[in-house]
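Next, two complexes with chain A in common: one pairs it with chain B, the other with chain C.
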Partner chain A sequence: MPSNIPQAPSNAILRLQARRDKISQLAANEIKTKIESLKARPDYKIEYSYFLDLLSAPLASRLAAINKPAVAFLCQVAPLELIEAHGLHPYRLFGGHHASERLSAPNLPAVMCPMLRSLLGHLMTLDLGGDDSFKALIIPTMCDWTVKFDSLSNLCGLKLPKVHLMDPSRVKNSPQAPKRWLGETSSLNKFLESLSGRKIGPRELSRAIETYQEAYLGFSQLIDLKRKLRLPQIWFSVIASSFYLDTVQNWTKAVKGLLAALCLKDKIETNDGHNKKSQNVFLAGSPIFFPNFKMLDLLEEAGLMVVIDDLCSSERLLPGPVFITDHSFYGLLTALSQRYHLGCLCPTFADHHHAVNKFTNIFINPIFKGIIFHVLKGCHLFDLKSLAVEPNVKELGIKFLRVETDYAKEDANTLLTRLEAFGSSLGVA
Partner chain B sequence: MITIGIDLGSTAIKMALVDNGQLRWSGRRPTAPGQERLAQELIDRAMDELNLKGSDIEGIAATGYGKKLLTTANSLVDEISANALGLHHLSCGQGRVIINVGGQDLKVIRLDADGKIVDFRMNDKCAAGTGRFFEQVARILDIEVESFGALSDAPDEPVELNSTCAVFAESEIVSLLARGASPASVIKGFHISLARRVASLVGSAAATASDFEIWLDGGPSQDRGFRAALEDELMCSVSVLKAPQYTVAFGAALYKALDLALPK
Partner chain C sequence: MTIRMLRLISQHVFFFILTFSGRLGISLGPSLPCLSCPYVTGCGGVCYLRMLQSPMGGLGMNLAVLFTQRGLQALAAFGLFVVLVALFGQSWCGWTCPFGLLQDYAARLRNKLRIREAILSDRAMFTIKIFKCIFFVYLLIIPVLITLGLAHSDLTLPYCAICPVKLIMPLITGDPTYLNLDFTNSVLLTESVVLIVFSGLVLVGMFFKTRFFCLICPMSLLISLFRPIFLLRLIKEPAACLGCGNCRRVCPTTIDKSAPLSNDLKLSTKHIDAVRGFAKSCQGCFNCAQCCSTEGSLGIKFGPKVIFRASRSYAAKLLKRKSFH
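Presenting the complex of A and B:
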C-alpha cells in the first residue's frame, strides 16, 4: 500500500480520543460547577465576574486572546518580569481538576503529587504538540516531581515544547547561592532571547518590572483586605488563580476595579481583623489551585477564616517589590534574581530553618489563632516541612493542624470533623 | 436542666438524655435512610419512658457525620469536642488519651487535665481499625461482633494477620480459614493486628501513661479481647466506660447544658 494514502485511525486511537473527550468534558463540568457555586454565594460581586470568566474560558482561547506567544513555567522561580520583557506571556502550568487525574494516572507512579498528575492529565486533553499553545516550558528543579517532569510527560505520551531547566541553588543561605540564582536568571534570559529572536535592554526590563510592581501594589491591597476579614480566602484564590489568564495590565485594571468596589461598599466598616468571635487561621503548605477548592470550602464550612497564607498559589504568587539600586541591565537582572531568591519560601531548601523561623516570627501578629498545614499526598517537601514546623509552633503554644489530602472528595467528611474540632480547640465562640 | 445529645454516626444513631450532668437515658438504633425521623423516634421513646413533656427539654445538640440532618437540634458540635467533653466528665477528669473506634473512623484524642483538647489524630481514607472492619470480619466468620470477646477467651493461638488493609485482610482471613484456622484464632489475630494499628496512632502518649489515663470508647470497645490486645501492645492499662458507645452523645448533651448555662 502506498505510504501517502491516509490511514484510518485504529480502534485503540479512537478509544483513547473518546476517553480524552470524556475527561475533558468532566473537567469542564468541574469548572462549571465551581463557577456556579461561586456565583451563588451571598458575597458574590459583579466585579468578580472578570476573574471567573477568565477561569471558565478554555485555555487555548484565553492564551490566543492575549495575542502574545506564551511561555509556560512550573514554579514561581522563573522571573515573570523577564519573560514579559521579551514580549512573551508567562503562564504558570497547574492542575486543579480531579477528573484530569484519571487520564494520566494509569501511566504514572501510584503515589505522586496530585497537582502534577492532574496537570499531566490536563495537558493530555490539550494535545500540546498540535496547537502549539506554548512556545516553551521552563522547569525550575524545585522538587523531585518537577525534576522528572519531562520523563513523566513522556510516560503520558506528551510531546513538550522546548524545555529550559532552571537549577537554582537548593541551599538558600550559602555565599554561592545569590551567584547561582543570578547565573540561572542570566541563562534564562539567553533562552528567552533565542525564543523571541531579540536581545532586550534595561528599558524593556525596567518597564516590565514597573508593570509587575503595579500588579503587586493591587495584589498587596487585596492581601490587606483579607487580613481585615473583608475578602474571603476563596475569592482571593479565585483572583490569584486567574493571574496568568490575561495580560498583567488587564488583570491589574480588574483588581483595581474590584478594590474600588470593595472599599466603597465597606467604607463605613472599620474591621481591622481583630474580630474576637471569628476563628482566624493561617493556611500553610502545598498550593491550592482552581477548581480544586476542596480545602477552602471545608475551611469555610468549619467556620475557619483564612486571614494569612503562604501558599505559592495564593499570597506568594508575586514575590513583592524589586529593590533597584543599579539601573543597568545587569543591575536590574541582579535585583530581579535577588527578589526571587529571597522571596522563595519553597521547602526545597536544605537550610529550611528560615522557613520555620518565619512561622514562629509571624506569630507576633495576633490576628490569627492557629495554623492549618495543608499537605498534598505525595508532596514530600511540604510533608517534611510540616514535621519541622509543628514542634516549633507548638512550643510557642500555637495550635497546629496538619491535614493531608488529595483531589478526591471522599475524605471530605473526616477532614471536616478535624477542622471543626480544631476550630473548637482554638477556644473561640 | 435536661438536655439531649444525639450522635448521628455512620453505623448507629445514639442518644443520651442528661439531667443536671447525669445520664438518665440512653438508646441507639442502626443508621438507615431517614435519619431525622429515626433520631426523633429515639427522642420520643426517651420522653415516653421518662414521662417527660417537650417543654422539659431545654436543648438538643447534634453531633456525628449526620449532625446537619437533624433540624430539631438547636446546637451542633463536632464529635471530637463532644467525645472529649463526655469522656472528661465520665472519667472524673482522669482521661488523658481517648481512643475512639467509630463506625468509619478511628480517632485518638489527647486531653489536658482540664479536659481541653491538646491534639488529635484520625485514620485516613481507610476502613482498617474502624467499626466497619469489625463488621467485615464478623461477616466472613459468620458470627456476631458481640461474640468476639468470648471467642478471644479460647486457648487457641492467634493467627498472624499481615494485612492492615481491610480489603486485603478479608482475602487473608478467607485463606486462613481454608487452611483450617479456627474462628477464635482468627479473632485473636485480628485483635492483635488492630491493636498494632491503633498503637501507631497513639504514638508516644502511652509510654508515660498511668492507670485510668487511656480510655477506649465507641461500640467496638466493648470487645474485651480487643481491649486486652491493646493493653498488650501499648504496655499500659486501658480503661473502658460501662456504656462506651454513648460517650459522644453524652458529651453533646453536656455541651448543650454548658452552652445554656453561659451568661447570654
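Presenting the complex of A and C:
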C-alpha cells in the first residue's frame, strides 16, 4: 500500500486542536477586553493608539510586518543591540494571558511561575513547529524555570527553534564575572553570525547601539513624565510592552510623537510628582506583562500612583545609557556586555546589595512614600529579594507591602482591600 | 553646556596658553601642577617638577640659601603650588595638562581607526604604576646626591632630561631640538638615549592605552599626595550606587568607583568620599560623575558645596549630544 495517503487525525489530536482554538479565542478576547477598557479611560489619547494597535495584532502577523527575521529571547540581559546589528529583530517572549495558562497547566508543575506557564500556553497556541515566527530562541538562564525552559517546552509538546543558552555569572562582584559574561556575549555573537550568515563589524554594532540609545532617550523622558505624575503607570506599561512588536526606529518615532503631545498638555496642566504626595508609591518585584494588568488596575483603584518602578517589564526594559570610550568591536561588545550584566538588578544575582540600593537611595526617596513589592507565586527569586529589601526600607521609615499573587482574578478583592489599607497607612484619603 | 564640553574648552585654552602664550609675554609662573614644559619655546608657564629638581628649589637646595631671597622664592613657589593643588586637586591633570590633551587626541585617533584599546590587568597596572614612584624618588634624590657631591653634576634636572614631554611637546610646535643624541659625555649620551627610547614607548603606549603616560607621571603622584586638602573633589554615595560599571568604562585610568566599599547590606545615608575614587591615578576629569545615571550616586563637591550630582537626566543629556559615542 502506498504510505502517502493522508490519514485522518486521531480524536486526541482533534480534541487538543479544539482546545487550542478555544484558548486562542479566549486569549484574543482577553486582549480585546483590555484594549477596549484602555481606550475607554478618560486619559486615553490618540497617540496611544499606535501602541495599542501593536498589542492587539496577532503576533505572527506583527512579526511578519517587521520584515526582518525575529530572534526571541527570554530575559533582559541578552544584548538587544547585538541582535539588531545582525539584521535580526529581537523579540522578548513573555506571557501575560491568564487564558493561555489553562492550555499548558496540565503538563506543568502545579506551583510554577505564572508568567512562564502563560508563555508556554501562548506558544502552544502559536503552533511553533508549523510556522517560522522565530529563527531562534536565546535563553539567559536567569532562574530555575528558564534553565528548564527547554524541558518544560517538551512537556508541553512544543518544538522550539534553535535554542542558545547563556550563563549569567551569578556572582557579579567576582573579578571573573564580567569576563565570563563577555565570553557569553561573544558566543552569542557567533551564534547570531550562524543565523544571519554574516559577520558584523564595529560600524554595524555602533549603529545598532545608537539606535537603541535613541530609543532610551525617549524612554527616559517617559520615565521623567511618570515621576511627575504626568504619565500613569498603566500607559507606561502599555508602551513598554509594545517595544518588541515593531522596529525600534518606528517605536521611538511613536514615543517622540507621544512625548510631544504630552508635553503640549503640560503647558496647560502642571502636576508635579515631586511634592511628596501621599499616594506616590514605588512598584517593584516580578514583571507585569500585557494584558495581565491586574496589579496596575488594583493600584489605581486603591488610589495609589506608581511614580517609580523596578520591573524588568517596565522601567528596566532598556538597560540605560551605554557610554563607550573604546570604539573597536571588542570595546563595543565589552561595553554592551557590562551594561547588560553589571547594570542588571535582577534578584538572580548573589550579591544584590546594589539592587537594594535602588529602594533606599535617599535621592529618589522623597518622591514616594511606600513600596509595593509584587511577587508572582512560584517566583522565589523575587520572594527572596522582598525579604532582603523589607528590613532595609523599614529602617528608613518607608512603608512596605509585599503582595503575592498570580494571573487569576479570584484574589482581586482581597488584594484591593490590602492595597486600600496600605494607602490609608500612607495617608491616602 | 555639559561638564565634558567645559572640560574640552578648558583643555584647549590651557593648551594654547601653556604652549604658546609666552610668545605674547604671558607667563603663569613656575608652580604649575601640570606638564607645562619649559623646553617648549614660548611656553606660558612651567611645570612645578622642574622647580622641585633644580638646585634652587628642591630637596637639593643648600640649607645656607634657604633663608635668602632665593630660598624664599622657592618656598613661595611651593606655597603657590600647594594652593593651586588644594583649589583644583587632580583636575589639573584632566582639565589643563597640555600633554594630557595630546594623549586624548591619540585615543581619539585610535577610536577613529576602530583599534582596540589595550587592556591591562590589575597586576600590569600595578607594575606600571611602580615606575611613577621610581621617577618621583629619582627626581627628589638625585639633586640631593649632586649637592652632596655623590652624583655627576650633569644629572641636574634628572627627570626633565628623560621626560618624554621634553621631546614630544617641542616636536608638536615644530622644534626637533631634543630629537638627537648628546655625545658630550656618557651621562648626557645615556640621558638622550633614554629620552628617545622612553618617548617612543610613551607614544606607542598613549596610542594603545588612553592616558598611558598619566599612569607613570610623577606629577600625578605629587598632586595626589595633597588629596586630604583638595577643595574640588569627587563624592560617592555608596548606598545609591547600582553598580552598572559606566564609571569604570569612561574613566581614562579605569578606576572602578562602582566597586562596593563593603559587602554587607549596611546602608549609609551620609555622603562619604569614595576612597577608590581618589586613587592616585585619578585625572579629575569627572567623566564618571557625568556618565553615572543613578540619582546622586556620584557627585562633585567644591569645599562644602555640592556643585554637581549624577542623574539619569544628565546622563541622557550626554547621550543626546553623542558624547562618549
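The rule is simple: the second predicted complex is superposed on the first by the 416 of 429 C-alpha atoms of A that agree within 3 Å, B and C clash if a C-alpha of one lies under 4 Å from a C-alpha of the other, contacts with A are read in each partner's own complex, and residues count from 1 in each chain.
Simple rule for what comes next: contacts are C-beta pairs under 8 Å (C-beta built on N, C-alpha and C of every residue); 3 or more make two chains touch, one makes a residue touch a chain.
Predicted model only: the values in this text are computed from it and were never measured.
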Fit or clash - chain C, chain B, common chain A: fit
First, second, both or neither for A:Asp246, with chain B first and chain C second: neither
First, second, both or neither for A:Ser424, with chain B first and chain C second: first
Chain B versus chain C as contact partner of A:Glu47, first or second or both or neither: neither
More chain A residues in contact [chain B versus chain C]: C
Partner chain in contact with A:Asp411 - chain B first, chain C second, else both or neither: first
Which superposed partner A:Asp383 touches (first chain B, second chain C, both, neither): neither
Touched partner set for A:Ile223, first chain B, second chain C, both or neither: second
Angular separation of chain B and chain C about chain A, which is computed from CA centres of the superposed model and rounded to the nearest 10 °: 120
Three-chain overlay, closest Cα atoms of chain B and chain C, distance in Å: 22
Overlapping contact positions on chain A, where the chain C interface meets the chain B interface: none
Chain C-touching residues of chain A, taken from the complex the two chains share: 172-173, 175, 178, 201-203, 206, 209-210, 213, 216-217, 220-221, 223-224, 319-331, 334-335, 338-339, 342-343, 345, 351, 353-358, 360-364, 388, 392, 395-396
Complex contacts: residues of chain A adjacent to chain B: 404, 408, 410-411, 413-414, 417-418, 420-421, 423-425, 427
Touch list for chain C against partner chain A, complex: 107, 111-112, 114-117, 122, 210, 237-246, 249-250, 252, 258-260, 263-265, 267, 269, 291, 293-297, 309, 312-313, 315-316, 318-320, 322, 324-325
Partner chain A, residues of chain B touching it in the complex: 65, 77-81, 105, 116-117, 120, 122, 124-125
